[in-house]
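Look at the two complexes coming up: chain A is in both, with chain B in one and chain C in the other.
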Partner chain A sequence: MLILPCPFCGQRDESEFVNAGPTKPSRPDANVSDAEWVDWLTVPENPIGYIEEKWWHAKGCGKWFTIKRHTVTHEIVTADVMPDDVGKRTGETT
Partner chain B sequence: MGYQATIKKLGFSAIFDIKGDASAASKRISHLGLVLPSEVNTATEKDGQYLCWVGENHWLLLAPAEKENQLLETLAPHDPAMDCRIVLLSDAYTFFTVTGNQADEILAIASPLDIRLINFPKNAATYSELFGIGGLIMRRRNGYLIAVERSYTDMIAIYFEKVVTGKG
Partner chain C sequence: MIKAPFRLPSGGMIDRRKHIEFEFNGKAYFGHEGDTLASALLANGVFLTARSFKYHRPRGIMGAGVEEPSCLVELLGENAAGNHPATTIRLRPGLAAKSVNCWPSPNFDLLSINQLFSRFLPAGFYYKTFMWPNWHLFEPSIRQAAGLAAAPDEQIPAQHYETRYWHGDVLIVGGGPCGLLAALVASRSGARVMIIDENPHPGGYLRASQTMMNGKPALDWITAIRTELDANSEVTQLWDSTGWGYRENNLLMVTERNPSEAHVFQRGWKARARHVILATGAIERNLVFTNNDRPGIMLASAVQRYLNEFGVIPGRLPIIFTNNNSAYQLAHELQAAGTKVTAIVDSRPTDVIGSEKNGLEIPIYAAHQISTAHGGKHLHAVSIHAKDGVTKKLDCDLLAVSGGWNPAVHLFSQSRSDLAYDEGLASFVPDKQAQKLSCVGAAAGMMNMASAMDKTVSAITTILGELGFESPTFTLPELVPSPNYHLYPLWHVDGMKPGDKAFVDIQNDVTLDDIGLAMREGFDTVEHVKRYTTAGMGIDQGKVGNVNVIGNIAKISKKQPGDIGTTTFRAPFTPVDFGSIAGQRNGATVLPFRHTPITQWNKEQGAIMYEAGARWQRPGYFPIVGGSMQDAINTEANAVRFGVGVYDGSPLGKFDISGRDAAAFIDLLYTNDFNDLEIGMGRYGIMLNDDGMILDDGVTFKLAENHYLMSASTGFADLVFRHMEYLLQVECPNWQVWITPVTSQWCNATICGPKARDVLAALGTSVDISNKAFPFMAMRDGSVADMPARICRVSFTGEVSFEINVWPRHAEALWLRIMEAGTPFGIVPVGSETSHVLRVEKGFLSLGHEVDGTVDPFDLGMGWIMSSKKSHSIGRRSVDIRRSSGKQRRELIGLIPESGGELVPEGAPITPNGDRIASEGFVSACVWSVVNKQVIALGLLINGRARIGETVIIRDQERTIKAIVTKPCFHDPMGHRLRG
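Now for the complex of A and B:
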């Protein structure tokens, strides 16, 4: 079980999230071969080491974010941070 | 083995979902005397009304059922303001309270949420997982207030019964 760093909620249990797969390189040009297109669309990298992947806090705040996770140790070394404008709301009143 | 906790299904409550710009949301609710929570996943309270900050641009307003009509008029949820959307959700949720000396133990079984006071303080309110589905959890005096989608009411009631009585 992973503990994932939601940018809004902080550390939460993996069961609150949905994994949306690894981040992809940019979509290739439309003129690429079918094989290259299928490779981009359906074949994820599966390295031993760090991958970037997207997660959705589906049962929590609903935020989408990206983390960098080691596929063997599950160490998470980077995560999205809360946008500045949200932090600035602290203390806001009517 | 049972637990010293009481589960109670509550009656109808008024619920409004508020999404959009924080300053716009603040203006739309200003007449209620409520302020936006200053910490994420917490709630502010005024006259039995609770405003929960549950997402980056997302708040839930909970109020007694008898205030629903008045809130419908004053919040104008059908006003298509582009900077702040308010939707009436009263029909969508069922509330439970979990109270008693061992309410924490019940929550620990129902949800993976870290409910230690240091991480889930007295005014905490957040969406999390409850028996495998999403739900709202708020800390209250001597326990918790839980909201789940209405279609799961019977299932959650049965699960709570099994947990409290230890007959599962």
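Now for the complex of A and C:
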């Protein structure tokens, strides 16, 4: 059971959170090839070492955030609300 | 009362004034307060206590604590429990236990015949033999023969399990000399400290030996520390408690077996510390020679502990067999107790045997080994041989063996930290830490107590400094100098012949031969050897035998043990009751049920309540007097089809979505167009995941510009909410959209059936409910029965339906008014079983039935919902790619099974010709249709839409059922009725 640093609520027990897997590189734009799209969709990173992953503070403030966690030691080095390299959907209205 | 024949007249830490009667394998015995079941059995001369797992060989007690590989017992009566080592069970009045693995008794075990066939039971025997036609045919009888104890089938009366949390600075596992010292120093610094030990009393080796501290028995030192710790409110001491799991972020799982509160049977602790200190000591390993499992052969450390802690010497003619100098301490203590040790057989050469032998009046056979133990149900002699091959037979009834010590690195390894091989110890020691922890004492490979305690002090001083505490003053106890630990590894004795029964892993009956066989057959890494032979599995997890396994793999493959490495150490360190993990969180306390305001009314009507997804409790059906469940469902379904029914639709997921970009957001979520939706109207939509599979479906109403009310499936609403929050927070952070879950803010009663409009009119409403003014898929705000209400015309039944949404506080009043107003029309309440029948008749989707995460809208014949104008909706691209592959897919179809009126189990596979081969589809739902008066079903079938009219075959275990493929709609295909 991890202790996770919610950027809003501080150190909280893992049972309050939902894990949504590793963060992906930015969402590819519409003109990438089918192979590239499928690769983006289905090939997640699985390193021995630091991985950036998405968590949702479902039973807390409700925020989505990312952390960088070591998959062996579970050391957590950063926690961020929205790091720059999470894909932003194109066609935003602002 | 018969005197226990192997109990010494004095000595030990038992309370000789208190006699405790207990029962073992149906016979009554006496022991003392402070005994374990094992020590009491040994005191009474009960040496044959078990049969082995595979060969049913006679076995006795080998260890004295958690390392015990051999004597597992099942506790009977109140507080029944299975598979506990007899060495860890505290004697208590009324204790009743029996051996596992033997029937009818360990002395006369019918399955001991397996010994005669042992050459036919090599490693991997089961895998090789029971392959045809399949394993499951053989499994029950093999489990019967090879299984351990049965699980208890009753709850513990009058007591319960509970869970407690602890957060602190320093957590120390192990209450031996180094653990106690660490606790003392840490507590004096003001830190919050927890110390745990698996034994009822701390002390570890100090209790098992005659160690002197400051010129006095070590017990005095322990008592002084305990007195000081007792007075410190920041210190939690847990004795008779095992830290069995090391989890992430320094979380230790601890089971406290005998809490002081009488009503608590066991307490599970979740203890989290800023720094963990493992002072878990070391576990002795055995030596590998022929018949090294005979009752009467024990670990030297166990004999020493029985002598000093329990006042028991379990034999009259002891011999010691060792490859190191630690067992000499036992020789000294036995000699002091007046017992004549026949011999010490030491595999090391004379010149390395040092001061440990000073003062012993015992023949020492240096550079000798034991080749064979003699005796069946009990040891009576051993054959020893010298390096030059000369053999000799010595009588004995107790053989104390020591193959060296393994640091207890189990928790260290569970913390994901690395181990390293230490040549001097011939064992694995802690290397690189993965978390904030330290090992001290024997657990760190430091076998000399004085220097280990010295190093403990420097370790704890550093830790306290890092945690921000000042190190206090204290004095180390004075110890009698002892020789440094010295050993020569002996992975097995010389001159072994094939077929010799020399056990490497006693608990799992794994012999040296088995290891050799596994490696000859290509299973030559340690992980493969473990799985092929089962060495290191089971309840003891190879505490005694694992390093011998590794040593022998190394020897056979001519490598170093360090190159072989260890298998993974897994939790739990010792057997744990599931109850102590669950605590009081059982049943609905784990995940509480959700109820609507109608629950009480439903129960009063005698409804059978089910979970309808996401823990919502709904009535399954309303039983009718003298009728079956099917009769009740038919009555309800007939009412909806031909009269009127009402169901409580409150659990349906509902979201209020508003904000500047709400319309764009709805457009992004759903595959179909919502741009032309008018205010006051709703539209059915399907939302996909990025992989193009269906996430959920439901109706969304437009309340105003950029203001929507979305409904989601009961069981999937939480997932939909998460999906939407993710999109808004991560992928569209600049969009202005607010989502408010309003599932519990709107309760609804859905009146459905041809007479639904009549009932609504009778209730009285401010809304014009004529079909022209209030068409299908419209919603109106107004009042119903004088209550503020929002009425929606949607239908999940195929009949005219009015979904009347009111505030939760009005829900019950509305419900009662509906039942009252509906009585003249014959209204009946409808449960979820009937909702299921009605939607199957109509071919409406149900998440979890037809939609199982592997289908997209085209598979369901709903390609029309994929708007050709939209390329940007989520999942669109993946659907397009899948479609362009041209592969045949499973498609939604209807089925009319020829089952003679009997329902086909949902999930039953459809296979080509009904053969036992890969399926071509499955039955997703099957009901008795009240309108068709026959069994109907929905299913998914390869290329199904092109196969309408074909007969396919459903396989239901042993039987096959023919079924005709139809369109997936059995009632009112044009939808005239629901629009009426």
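Descriptive notes on the structure:
Note that in this section the second predicted complex is superposed on the first by the 79 of 94 C-alpha atoms of A that agree within 3 Å, B and C clash if a C-alpha of one lies under 4 Å from a C-alpha of the other, contacts with A are read in each partner's own complex, and residues count from 1 in each chain.
Note that in this section a contact is a pair of C-beta atoms (placed from the backbone, for glycine too) under 8 Å apart; a residue touches a chain by one contact, two chains touch by 3 or more.
Treat the numbers as computed from the prediction; the structure is a model and nothing was measured.
Shared-chain residue A:Trp37: touches chain C; no touch with chain B. Once the two complexes are overlaid on the shared chain, A:His74 sits against chain C while remaining clear of chain B.
When the two complexes are overlaid, the chain among chain B and chain C that reaches more residues of chain A is C.
In the superposed model, A:Gly62 makes contact with both chain B and chain C. Once the two complexes are laid over each other on the shared chain, residue contacts for A:Arg12 go to chain B alone; chain C is not touched.
Shared contact residues on chain A (touching chain B in one structure, chain C in the other): 58, 62-63, 82, 86, 89, 91-94. Taken together, the chain A residues at the contact with chain C in this complex read 1-3, 14, 18, 20, 27, 30, 34, 37-38, 41-42, 54, 56, 58, 62-64, 72-74, 82, 86-89, 91-94. Within the complex formed with chain A, the chain B residues making contact are 22-23, 26-27, 29-30, 34-36, 38-41, 54-56, 58, 112-114, 119, 126-129, 132-134. By the touch criterion given at the top, residues 247-249, 251, 270, 272, 416, 434-435, 660-661, 664, 668, 690-691, 722, 725-727, 729-735, 871-872, 877-878, 881 of chain C touch chain A in their complex.
Remark: chain A residues 8-13, 15-16, 58-63, 82-83, 86, 89-94 touch chain B in the complex.
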